[in-house]
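Think of it as A, B, C and D in the order they're written, each chain with its own count starting at 1.
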Amino acid sequence: MPPTASRLLLIGLVVLALAAPWLAPAYRTQISFLWVMIIFALTWDILGGQMGYNSFGNVVFFGVGMYGCAVIQRDTGLDYYPALCLGMTAGAALAVTLAAVLGSGLLGLRGHYFAIATLGLGFAAGEFASGWDFIGAGSGMVTPLYPGEVGDRESFFYFLLLALTVVTFFVLRRLYSGRFGLAINAIRDDEDKAEAMGIRTTLYKTTAWCVSAFFLGVTGAAVGNLIGFIDPRDVAFAGPTFGVWMVLMAILGGKGTLWGPVLGATVFHITQELFWTYLLGWQRVALGLVILAIVLFFPLGILGWARERWPERFGHAVEERPATGEGAS
Amino acid sequence: MKPILEVERVRKTFGGVVANNDITLEVPEGKIVGLIGPNGSGKTTLFNSIVGYHVIDGGSVRFDGREISELRVPRIARRGLLRTFQQTRIYGKMTCLENMLISVPQRDQTWLSILRKPPAADESKAEDLLEFVGLYAKRRLLAGELSFGQQKLLEFGMALMNEPRMLLLDEPTAGINPTLINGLMHRLRRVNEELAITLFVIEHNMSVIMSLAEYIYCLAHGELLAQGRPDEIQADQRVIDAYLGAH
Amino acid sequence: MGKPQIRSTLALGALAILVAAGVPASAKVEGDTIVLGAAVSLTGKYSTNGKNTQDGYELAVARVNEKGGVQVGDKTYKLKVVYYDDESTPARAAQLAERLINQDGVKFLLGPYSSGLTKAIAPVTEKYKIPMVEGNGASLSLFKEGYRYLFATLSTTEFYLKEAVNLAAMTAQAAGRDPAELKVAMAFENDPFSQDIRAGVTEDAERWGMKVVVDDKLPPELNDMAATLTKIKAVKPDLLLVSGHTKGATLAVRQTAEMRVEVPMIAITHCDSAQVAETLGSAAEYFLCASQWDRSLSYRDDWFGSAEEYAQLFEATYDYSPPYQAAESTAAVLVFVDALQRAGSFDTEEVRDAIAATDMQTFYGNIKFDETGKNIAKPMVLYQVQDGQYKVVAPTDWASAKLIHPRRLPE
Amino acid sequence: MSNLLIGAVFALAAYGMALVWGVMNVVNICQGEFVMLGGYTAYFLFKAGVHPLVGIPVAAVLLFVFGWLLYRAVIFRVVDKDLFISILATFGLSILLQQLANQLFGADVRTADAGFRTLFFFDNMVTVSVVKIVAFGAALLVGAILMLFLKKSRLGQAIRATAQNARAARIMGIDTGRVYATTYALNAAICGAAGALVAMTWLIHPYLGLPYTVRSFMIVILAGLGNVAAVLAAGLGLGAAENFAGFILGAEYQSAFVFALLVAILLWRRFWLDRTRGYLK
C-alpha cells in the first residue's frame, strides 16, 4: 500500500473524529471514553506487546495522575484552567517519577513474576489510596465543577482526550520506528540475547514504562475531571476493570502492533456499550464470554490473525538484491 | 603481542559439580584461538564465566587489561567482548534487517540517542553485512522463519554489526550444511584479517579448528588439559585419549 | 502498513458512527408517558440494595399508573423509568447519568444506590441542571457541595447512629454515671457512606465528652473482622458502632457472638437488609440498628395508605419484606409526582423549584427539603433486635418496645 | 486461631493452584470463584437441612464434576498455550462465574451457621470457636487426603509423572488429557471444600473470590510449585501476617500491607538474585 493512501486514511480518521461532536453530540462522553480506551490499549502495548512485559499494574499511573491533578486543583486555589493545566503536568510528572523508581526495581523481574508483581502493585495502590485521609481515603475526591456552559464540558474533554490520543499514537509511531522500537522488540524476543549484545535493557525498559506512565498520568488527570468523582478502587486504581481491559483490548486487536490496540479498543468499547444498553444486568456475563472467545479463538488478535493469513501483505517477502546474492543453506 | 583476554585460575561449580577448575589461558589480540574438549568438559561454562553470565567462584578475567569478572553481561559486551550461542539466539519476531539494525554498537548510546531513528548509514552497513553472510535476499523475512543454519549466519552477522573487538563463537559450524563450511571459514578469516576482530572459537569439527586456529586450548573434566599450536595438539596423546574416552 | 488492517479499521469506524447515530434519543415525555431515568446497581457489590432500590421505584410507578397517573397541567400522564446497570462503580454511574440525559433525553433523574455512586452522578445532573431526587445517598458531604438540583428523601448520615450515642449517654446518666466516662469503639467501612457516619458520631461522642478508644476503617474486601474485634475486646468499650453495608452487619453480628465480644451496647447499620435476625438468630439479639423507616410507623399517604399497607403491598409484589432502602426509593418517585403536579409543567427549572418547595406527607414520613436539598422533616429510628423481631426503641415518640440494656450475650 | 484457619484455607486454594500450575502450566485465575461456588453448595445444603460439615465432601464432589466439565469445555484449549493466555482465559471464566452467581443466587451476604459453640478461656479473654477448630482440622484432612492420593494412587502417580515431563509421560502411555482433566477437577474439588469451610466460618457472596485468587498466587510464588510443606507454611504465615497487620496498622491498611508484601518479596528475591548475576524467571 502506498504511503499516501495510509496518510489519507489517517487524515480521514482524524477529520471524522474532529467532526464527531457535531455528528453525534449526545455521544460525546461515550466517544471520549473510546479515546481513553485507545490510550489504555496503546500504552499497555508498549510493554505488553512491544516489549513482552505483561503488566497488570499500569492502572497505577492512571490513578496517580488522577489523584495528583485533583490534589493540585483542590489545594492551589488557582482558576479552573490553570489548575487543570498544572494538575495534568503534576499528575504526569508524578506518574513518570513513579514509573522510573518502580521500573528500576520491578523491571528486573522477568515473565510472570513481573505480571504478578504489577498485579500486587495495582491492588496495593488502591488499598493505600483508600486508607490515606489526605486524598479523601475511602470517601474519594470530588473534582471541581467545569466553569463553562452546559455541553462545553463534554466538548472540552472530548477534544482534550482526542488530542491526547492522537499525540500518543504519533509519539508511539515515531518511537517504534526508531531504535527504541527495535530495542524493546529485541527485549521481547530474547532479552538475554539483547543483553549479550550490550543493549542497555534496564534503560530501555524503564524508559518504555515512563512513556507509558506519562500518557496514562495525563489521561488519568483528564478522566478524573471528566468523571467528576474519584473513588480509590473503582475509578482511580480500577484494576479489575480498567487494568484488565487494557490487556484485553490490546490482545483483541493484536498486541505488538500499532494499529492493533486502536482496533481492539474500538471493537471492545463498542461491544461493551452495546452490551450495557441491551443486556441490562447480564452485560458482565456476556463480557466474560467475549473474553473467553477472544483468548481461545483469537489469541493473536485481529491483526495477528490477519497477518497470519496474508503474510505477504505485511512485507515479509524474499527479495533479491540487484547484484548477486550469496545463497545460504 | 599483548593478550586481549586473560583468564586466570577461574573456578566455577554448580552445586557440588566442578565445571571449571583453575583454568588459566590467554588470547592474544588479533589472533584466532580455538577451544576444544569433549562434551561436558566445561567449554560453554567457561564462555559464560568470561562474558558474565554467572558469578565465578574464584579467579579473575581481564579484558584489554581491565578486570571484568565482576561486571554483568551488557557492560562486558559494550566493552567489545561479544559471544554467540551454541543454540543460536536471534530475535525471532523481527525481520533480519531489524535484527541487524538493533545490533549496532551500544557503547555511545545515550538516553537521547535511543529515541532517534537509526541513521541511514546503519541500514547500508546492515545490508552489506547481510550480503557478506549471504542473507541479503531474506532481509525482510522474520528471523524466526529462517533455517537453523541461516539463523546461525544471521547471528554471526549481528555480532559483526556490533563492531566487537573480540568475538567468542560457540560452535559456529554446528548445524551448518557441510558444503557451506568452507565459505564460513573463509568469512571467519576475512573478519579476523579485515576487521581486526580477535576470535576465540569453541569447535567440535577438528579439521575446521585445526586449519582455522593459530593456537588451541583443550579442556577435559573442567580442567585445562593441553595447549599449543594445532599440530602440537593433534599429536598430544592426552587430547586423543580424552576424545576417545580412554582415561 | 497493510490493507486488511486499514479496511477493518474503516469498517469499525463506520460501525461506530452507525451505532452512535442509530439509537434514537427518546424525549422526556413520550406521548402520555413521563420518562424518568435511573442508574441502579444490578450487579456488583451493591446489587442487593440496588435491587431494593429498583423494586421501590417500580412499585411506586405501578401504583401511580394504576391510580390514574400524574396530572400535569390539564392532562394526565403515565410514569416510566429507564434503567441502566452501574455495576456498583462510580465511573460507570457518571457515564450512565450522562447517557440518560444526553441520549435518552431524560429530564428527571432518580438516584442510584449508595452515597459513592450518588457522589459520582450529582456533578453531572448539576451541570445539566437536571433535577435528581434520590433515596439512597445519605452522605452529609453530598449536601455540602452546594448542589441545587440534588434532593434526598432520607435523613443524612449524621443521624444514622446519633440516636445510639445519645441513648448510650442517657442510659449512663440514668444509671448515675457521667457520659464522659464512656468509651466508644468504632469500625466503619472505608467508603463515603460509612465514613460520613463516622464523622457524625465522632462529633456526637465529642459533644458528650466520650472517649473514642478504637477507630478502625474496614476495607470493602473484608471477610473477617477478627483483628478489629480482638482490639475491641481488649479495651472493653461501653458502646460499639459498626457500619459497612450488609457485609459489615453480618460479620459484626456473627463474629461478636463467636468471639464473645462483651459490649453493653452495639449499634450497626443495614441489619434489616442483611436480615441478621432472620439468618443469625440469637447472635443478633439486642443489637441496635439504624433505620430510615419502619413499617410500624404511623405515617400514611393517598397513594399507599399507611406504612404497614405499603409493606404488605410490597411483600405481595416482590415476596420479601421491604427494607427501608425500598421505601425511601418509592418516596423519591412520589416527590417527583407531587412536584410535577404542582409545577404543572415539564420545565426542569419549574419542576426543580416545585421540588424545593415540597412539603408533603408520605407513608415513608414527612418530606421537606432544606436549602441544601436534604430531607429535614423525618427522623431516623433505631431498632433493637428483640426475640428475633426488629422493635423500634428510639426516638421515644415512635418506640414500640423498651430498650434492653445492657446487652445480654446469647447463650 | 482465626489467623491459622484463614491461612489453612488460603493454603488449600494455593495448593490447588500449584497443582494445576505445575502439572498443566496453567495459572488458574478463577480459583476464588471455585471457592465461592463451594461456599454456595454448602450454603444451599445447609438451607436444605444438611449439616455444613457434610457439605464439605459434597461440595468437593460437585466441584470435581464441575472442574472436569470446565476442563473439557474450555481449559483443554489453553493447556499448551502461553501461560498468559491461560491467565486471561481463566480471568474471563472468573468474571463469568461471578456474574452468573450474582444473577442466580443474588448478591446477598450468606452464611451457613453450623451451630458450633465457642470455647472460652481466661475469663473470656481468649475465645476459640469450635467451628474454627473443626474447619482447621477439616482443612488439614483435605490436604492429607490429597497428598496420599498423589503419592499412592495410580492416577496420582500419573499426575506427578506428567508434571515432571508431559512428553515422556505421553510416550509411556499415560493419557495426559485425562490426567489434566483430573488435575483440574481435583483443584476445583479442593477449592470447593475450602469454600464450604468459608461458608461455615465466615460469609459468602458472589464477589468473594478475588482475595483467594490473589493470595493463592502469592503463596505459590513464595513456596514454589509442588512443595506441600512450604505451601502450608506460607499459607499459615500469610494468614497470621495479615491479621497482625490489621491489628497493628488498622484494618484499612490490612490488604494494602498484603499486596505491598507481595511486591516486596518479589523485589527482595530479584535483588538477591541480582547479586549472583541471575534473574527471577
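By definition in this document, contacts are C-beta pairs under 8 Å (C-beta built on N, C-alpha and C of every residue); 3 or more make two chains touch, one makes a residue touch a chain.
Keep in mind that what you see is a predicted model, and the values were worked out from it rather than measured.
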Hop count on the shortest chain-contact route linking chain A and chain D comes to 1
If you average the Cα atoms per chain, which one ends up farthest from chain A?
B
What is the distance in Å between the mean C-alpha positions of chain A and chain B?
41
Cα centroid separation, chain C vs chain D, in Å, comes to 36
Take the average of all CA coordinates in chain B, do the same for chain C, and state the distance between these two points in whole angstrom.
73
Would you mind listing the residues of chain D that make contact with two or more other chains?
99, 103, 210, 250, 252, 255
Chain C residues touching 2+ other chains are 43, 190, 217, 219
Residues of chain A whose C-beta touches two or more other chains
127, 130-131, 137-138, 281, 284, 315
Flag every residue of chain D that touches chain A in the complex, lowest number first.
27, 74, 77-78, 81-85, 87-89, 91-100, 103, 210, 214, 217-218, 221, 250, 252-253, 255-256, 259-260, 262-263, 266-267, 270-271, 274, 279-281
For the chain A and chain B complex, residues of the former touching the latter
175, 177-180, 182-183, 185-186, 188-190, 192-201, 203-204, 207, 256, 315-321, 323, 325-329
Along chain C, where are the residues that touch chain A in the complex?
1-6, 8-10, 12-13, 15-17, 19-21, 23, 25, 42-43, 83-85, 87-91, 94-96, 98-99, 102-103, 116, 119-120, 123-124, 126-129, 139, 141, 145, 189-192, 194-196, 217, 219-220
Contact residues on chain A for chain D in the complex?
54, 105-106, 108-113, 115-117, 119-121, 123-124, 127-128, 130-131, 137-138, 240, 244, 247-248, 251, 281-282, 284-285, 287-292, 294-296, 299
For the complex, which residues does chain A have touching chain C?
1, 5-6, 9, 13, 16, 20, 23-31, 33-34, 127, 130-131, 137-140, 142-143, 145-146, 150, 153-154, 227-229, 231, 233-235, 238, 241, 257, 259-260, 262-263, 266-267, 270, 273-274, 276-277, 280-281, 283-284, 302-303, 306-307, 309-310, 313-315
